[in-house]
Every structure is written in structure tokens, then in C-alpha cells.
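Here it is: the structure, laid out below.
Chains here go by letter, A, B and C, matching the order in which they are written, and residues are numbered from 1 within each.
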């Protein structure tokens, strides 16, 4: 006799003795997930192209209106040169996002490739990779970034290379673990014994598991990359001070803090935070939607 | 002592898309346990029998809907009453050693069970010693961690948690999953002992042979409902003494009998048929069967849900 | 006795790993720095570049052994390192080891405070959130944690500075001690005053991770079979947390705390920059910007040891606390 596989076999608890849902938002309608994803993507499209949309008008020096607190005319206030902070922030955000996305994509591709190769070939290649990852994890992330950026000579390329070269480890680990698990999964081994070609197995059995992991991993990599780029730029090893990157904006704002011009730091940082947060939200919702393991039945 | 009538347990879960699904895991279940007797609920693995235990104890998940009535010693089992009684007058003997905290010494855990049943720490301490001695567990057992226990020892520790208090109703949830026959016999013996001392024992199991060893009455569980309530002795007299077609098929499927399995599968909990739940596999099915669920009626000293069951 | 010998074996293995790790870091950093387009001689001379003749520059290069092939340079450098000589810092004109020791002792108070605070508060918040899953308090804690976990540390630092130092004037604006005073003239209270904002900055972000992690682990515990059985015995939620939750959540929390040291170091780099706190973090930035290669390398080494110690402590905790490992014979 077979039994229904959808019967909850274990009961679960929460504070009042009733079950707590593990991911409350998973219980909401799937439409809400898709909607959220759409909104996030819309925001990012705006942010990435925002620089071009808004134009450079607010970036020019306009001394008469300098150091103004946020108002209707200047929602983010103006800086010591009279430049509109909202425009500067949007440009900076756009810049940081582009750099972050570029570096993160590099990283993700490298990570996924290395992880797959290591798990597929196994043996000393796998050991070498695992050991390499351990070495990378043995240093504080920022220190490693600083060293690489420094070694490459700083600047925009420095930041991109530094970020790209250090963010692959997490995804490599995940993909490697996934591939290892898949290779030893009974259904994969059975498929091989039935005579299915490796390509077929890869496409039918492995990709459905790997692609979601890669996609979600990639999306969740963006916030880290963006924040690290901003951090490097902030301490002066990143993007050139001529560019309105968020890190630069915040670093410059430090000079004027004592005079009470709080909007120079608060608003751009908040914008960065929101952007980063939205990536997290996007990543989690995409995962809910496409990861076969967490799709609720 | 325990009287369960028309118990229904359903879950509402969310599906791909917007759809919500309602899984009715237990439908119109009737069972009754008196003091001093062992009542076995026998049914296929994974068909929701454990949820009956959780329903009685009041520890079902949040998204569970409960219907029907349950009384204990004459009074209704409200959620508040369940909370007051569990661990004290109604206890559970769980399925596996995974029910023990892996980082806590076994003695401390049993002592905690004793304390929760209402005893002070000194008395609880002694109760643990007593229980362990009763089940021939060596002195060192108290200091052991769950991973250090052998299968048999683990079962005896789990049973100990039931006897350290003054429980009246013991619910044993699948107490013999895949264990060595000797341990199975031992465990069942302990449960029989408890019944003989005056407790009521509700034995939930898929192992019908084990159940028949110690049960007084057997409730047959199919697709979430009890299709028959028989005396254990009925099984010894062969298929003719049994009432429901499913029970007869079950009996026939036993290795020592004809060893023929029944074709087909249980209906899905999210799509239960309107009529009799056994209709698709029943040799006696007629049009009338598919119209409405049969009521439980008395027959030859037992109960059965079938319009065709004869005396 | 058994525990003592197993701890000894454990320590020996760890030391070996550390040495191999440091070796790898050494090779990696050395190759990296030497492949960089930065000319160390130029970096050293800096503004005086125009005043130096090519012959003098060549002299400096030879003095530093820059004309030798990389393997030779590495061997000489490694030899020095093994003897404990990390070189001389270009910026501070002191042995690197001294600079690091000095700077680290300043950072230590900051990092230790933040580490303890974030661990303790994060743990408590995580337990609260996990206990009352779905409730208002859980959602509030989760909102706080999710937001902060992705917040740029330097921005949080700036905000705190703006609010507490500039607006409310509750805390000093910069540095580890009031400017103008000699080190021995600074009182503990003053040190604490200067410490508090950077410490809060660092701990705020650390709290987020610890809270979320602890919350998730507690929820797993509360959904486990043994929690269900305890519940069947009549245990209340608070009883569950007390008797089973905390014990089972403590180990993952300790692991996270050990790993948190790595994040802490990175955070300190940013926080010290904002608060002009003269610690190791600020020294790292200075070394990178002013191309102080010996100091940078020295700090890289030190940070590797630092992170290693953190992870090892967490590992050790597992060896000691988890009975399945301590007594052995059980798979986790």
C-alpha cells in the first residue's frame, strides 16, 4: 500500500504550541513573490540607468545653494559646492551597482566553474581547491581586499579585480557541495547505469539543482560585492575621488559632519542600504520561486 | 477512560501557485480505551496514526483543524485540559531515541519527565532510579548520553519516562519500528504490564502481529478512519470472525495466512472520495457505497463501518 | 587524563595547520605584492622623488635586494620572518612588530568589547525571537537584524557619530583619547568614553548575524523530535528553551562567535577610519594608501593568526562541550 507523500509526517512547534511556519512569507501567495521580484528588478533597472535618466544637471557646482538641508527642491539636500545630493547619490548608486554587478558576476562565474570542476574531477584538484578556499577564508575579508587592491594598484580596476577575486569562495563551496551530492545521488547513478549519456544526466538531473543555486548565489553575491566596493572606496583604495561613488560621497561627508550637515552622510548611506537590502529580498524571493528544495508543496 | 468520537484532523497547506490544499488526515475516527486494557490501532505506515497521539495530547501543528469529540474520564478534553494532563495523566512513549535530547544525559531527561509529572526533585530522582531498576537498566545508564544507548536500552529508557509519574493513559506511538524480535517482545511486555497495573494503553502501530500479542481490542485504521473495532481474539478465529472487508484482506495478507496483498492504494488525503473510503479496493462495493460514508455500527461485539458487513 | 591528551593532540594538529596556513599566506602575499605595479622604491621616496638621482635609487634598490630574482628575495624575506623580524614600517619608522603590538593593544579593547556585546546581546535576541516566532517581537528583531546585517559598517559609524557626538554631544568626536594628552595621562574613564561609540558600531552589526543565526537554530530545536517529546511530557515553551534550547543552540552560537572575529577585524578597519581611532584597522588603511609594504604584510600575517585563533577556539569548544565528540563513538 502506498501512502500520501504530502501528509506532514512530523509535527512542529512554536511559542503557543502551534506550528510556526519556517519561512512565513513562503506561505503567502506565490503571486506576492513574483510581484516582489518584479518590483525589485524594476528598482534596479531604474537605479542602474538612473544616472543617465536624471542627467548631470545636479552635478555642477552651484555655490549660492550650498549646504542646504533636505527640502522639497533638494530632497537629499545640497553639499558644500551646491550640488544636489539626490543627483549625486543616484549617480553614485548607479556607479556602485555597476561595479558591484560586474565584479560579482565575474566572481560567481569563477566560483561556479571552480566548484563544478573540483567536484567533477575530484582527487587532488578537489583537495587543492578546498585548501585554497580555506586559505582565502583564513584572512579577514577586508584585509584580503585591501591587499589585492593595493597589489593591483588601486583605482577602479583594483577594486573590481579585488572584489572579483575574493567573492568566489562562497559560491564555489556551495556548487561543489551540490555537485558532489548530485553525483552520489541514487537517481543519477541509476541513470548512468541505464546508459544515459553524461550530457543528458547533466542537463536533466543536475542543472535543475545547480541553476537555481547559481542564480540565487549570484544575486546574493551582489550586496556583498557592492558593500565591499563601497568600503574600499570609502577608505580611499577604490574608485577615483573624481567619481561620485557612494564611498567617496560618504568619505567626503566626514569632513563636514562636525558642522552638522548630517544629510551628506545619512541619505546616500540609506540609499545604499536600501539598494543592498533589495538585492537580498530579490535573492530570497527568487530562491523561493525556483529552488526545487524549498518550493512548498 | 478515553473516548474519541468522530475525530477529524485536517491540515491546510499552501501549494505551488495560489492554491491551498486541505489534507484530511484523520476522518471520523472512533476509539475507546478503558483502564486495564490495551487497545491497538493498526494501520499502514505513514497513514497519520501518529497524529492521533498528538491530537490527544494537544500538540498538533498550528495549521491543524480538529473536529469531533474527545473525553477523558468522562470530561471533555479541551485544549486547556490537554495541557494540564499531558505528561501527568496522559503520557506518550515515542517512536525512537531521536526523541531524546542528544546533548543531555539520559538520567536527567527522565528525571525532568518525572518533575513535569508533578514530583519534586528528590522524589523525581528516586522515581528515575526505580524505573531504571524496574526495567533492568544498569546504574551507569543515568550518566549516559542517548547516542551511547543500544537499541534495547533506548526503548527501555523511553518506556521509563512513562512510568516515572502516575500516568493513567499511556499512548505508545510505533514502539517497535524495525527492532529485534526479542526487544519487540520485551517492549510489548512492558506495555502489557502497564495495562495490567491499571493504566489504559493505546498502542499505535503498523505491526499487526505485535499488536495481537498484547492487545485486548484492535481498531483497524484505513485512510484516516477506523473501519473496524474488533476483539483481539477475533483475529485468531480467521477472516470469518472479522467484520470489515479491509480487515479481512489485512488478515489474509499476513505471512502465516494466505500472504496475498490487496491491490490498489489508499486514497489521497487531499482528495478523499465522498463515499466509503475503501470503495475503490473493496470486493463488495456497490453503488450505495459511493454515496455516503458508512456510519459505525455494532456487529457481533465490535464496531464496523460497512453497509455490507454481515453478522 | 583522556581529555588532556586529546586536547594536546588537538592543539598540535592545529599548530601544524596554522604553520602551513601562514606559509601559504606568506607565499601568496609575497607574490602578490611583488607582482604589483607599485614600485616600492618610489613609494618609499615619495615626494622626494625628484631630488633623488638615478644612482641613489639604484643603490636603494640593491640595498633592498630588488635586483634579485623573486625566489631569492622570497627566501631572504622568509628567513627574516622566521627569525621574527617583520621588517621596519616605512610610515612609522619602527619595527613592524612593535607597530602592530602597539596598535593592536589599542584595538583590542575595542574589538573585545564589541565581540562580547554582539555575542551576548545577539544570543539573547535570537532566543527571544526564536521563542516567540511569528510574534511582534520576533518580527521586530528580524527586521532590525536583516536591516543591520546588510548595513555598511562605516555608514552606521557615521550615523552614530552624527547623532551621539555632533547632535547630542554625549560622546567625543574622535580618537582613542582626548587630544593633547600623553598616554599615561589618560584615565580609564576617558578611554571608555572614546571607546564606546566605535564599540557600539562594531557590535551593532555583529548582533544582527548572531541574532539571526541563534533564532534559526532555536527554531530548528523547537521543531525537533526531542522538543516535541518534551512538549508531550508537559514542558512549556520557556521550559523547552531553558532545558533543551539553550544547550543545543550554544554550540552553533560559539562557532559563529569564533568566525565573527574575521568580520570584526574588517569592521574595525572601517570603524576606526570613521572615528579616527588609532588602532590596527587604521594602520592597515594607512599602510595600503601610503604603500608601506612591510607593515601591510605584517598586518596580513597577524590577521591570519587572529582569525585562526578565533576558529580554533570555537573548534575547541566543540571538542569539550559536545559529548558526542568528547566521549567519542557517536556520529553527530
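Quick note on the criterion: a contact is a pair of C-beta atoms (placed from the backbone, for glycine too) under 8 Å apart; a residue touches a chain by one contact, two chains touch by 3 or more.
Predicted model only: the values in this text are computed from it and were never measured.
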item	value
Maximum centroid distance from chain A, chain identifier (CA atoms)	B
Chain centroid nearest the full-protein CA centroid	A
Averaged-CA centre spacing for the pair chain C and chain B, given as whole angstrom	54
Rounded Å distance between chain A and chain B, as computed from the means of their C-alpha atoms	50
Where chain A and chain C are represented by their mean Cα positions, the distance between them in whole Å	22
Residues of chain A whose C-beta touches two or more other chains	11-14, 17, 20-21
For chain B, residues that touch 2 or more chains besides their own	54, 59, 83
Chain C: positions in contact with at least two other chains	225, 228, 231
Of chain A, residues touching chain C in the complex	10-17, 20-22, 24, 131, 134-135, 137-143, 146-153, 223, 227, 230-231, 234-237, 250, 253-254, 257-258, 260, 262, 265-266, 269-270, 272-273, 276-277, 280
Complex contacts: residues of chain C adjacent to chain B	224-226, 228-235, 239, 243-244, 247-248, 251, 322-324, 327, 329-331
Complex contacts: residues of chain B adjacent to chain C	54, 57, 59, 83, 86-88, 91-92, 94, 96, 98-104, 112-113, 116-117, 145, 147-148, 161
Sites on chain C touched by chain A in the complex	21, 24-25, 28-29, 32-33, 35-38, 131-135, 146-147, 150-155, 158-159, 161-162, 166-167, 173, 219, 222-223, 225, 227-228, 231, 237, 240, 262-267, 269-270, 273-274, 284-285, 288-289, 291, 296, 299-300, 303-304, 306-308
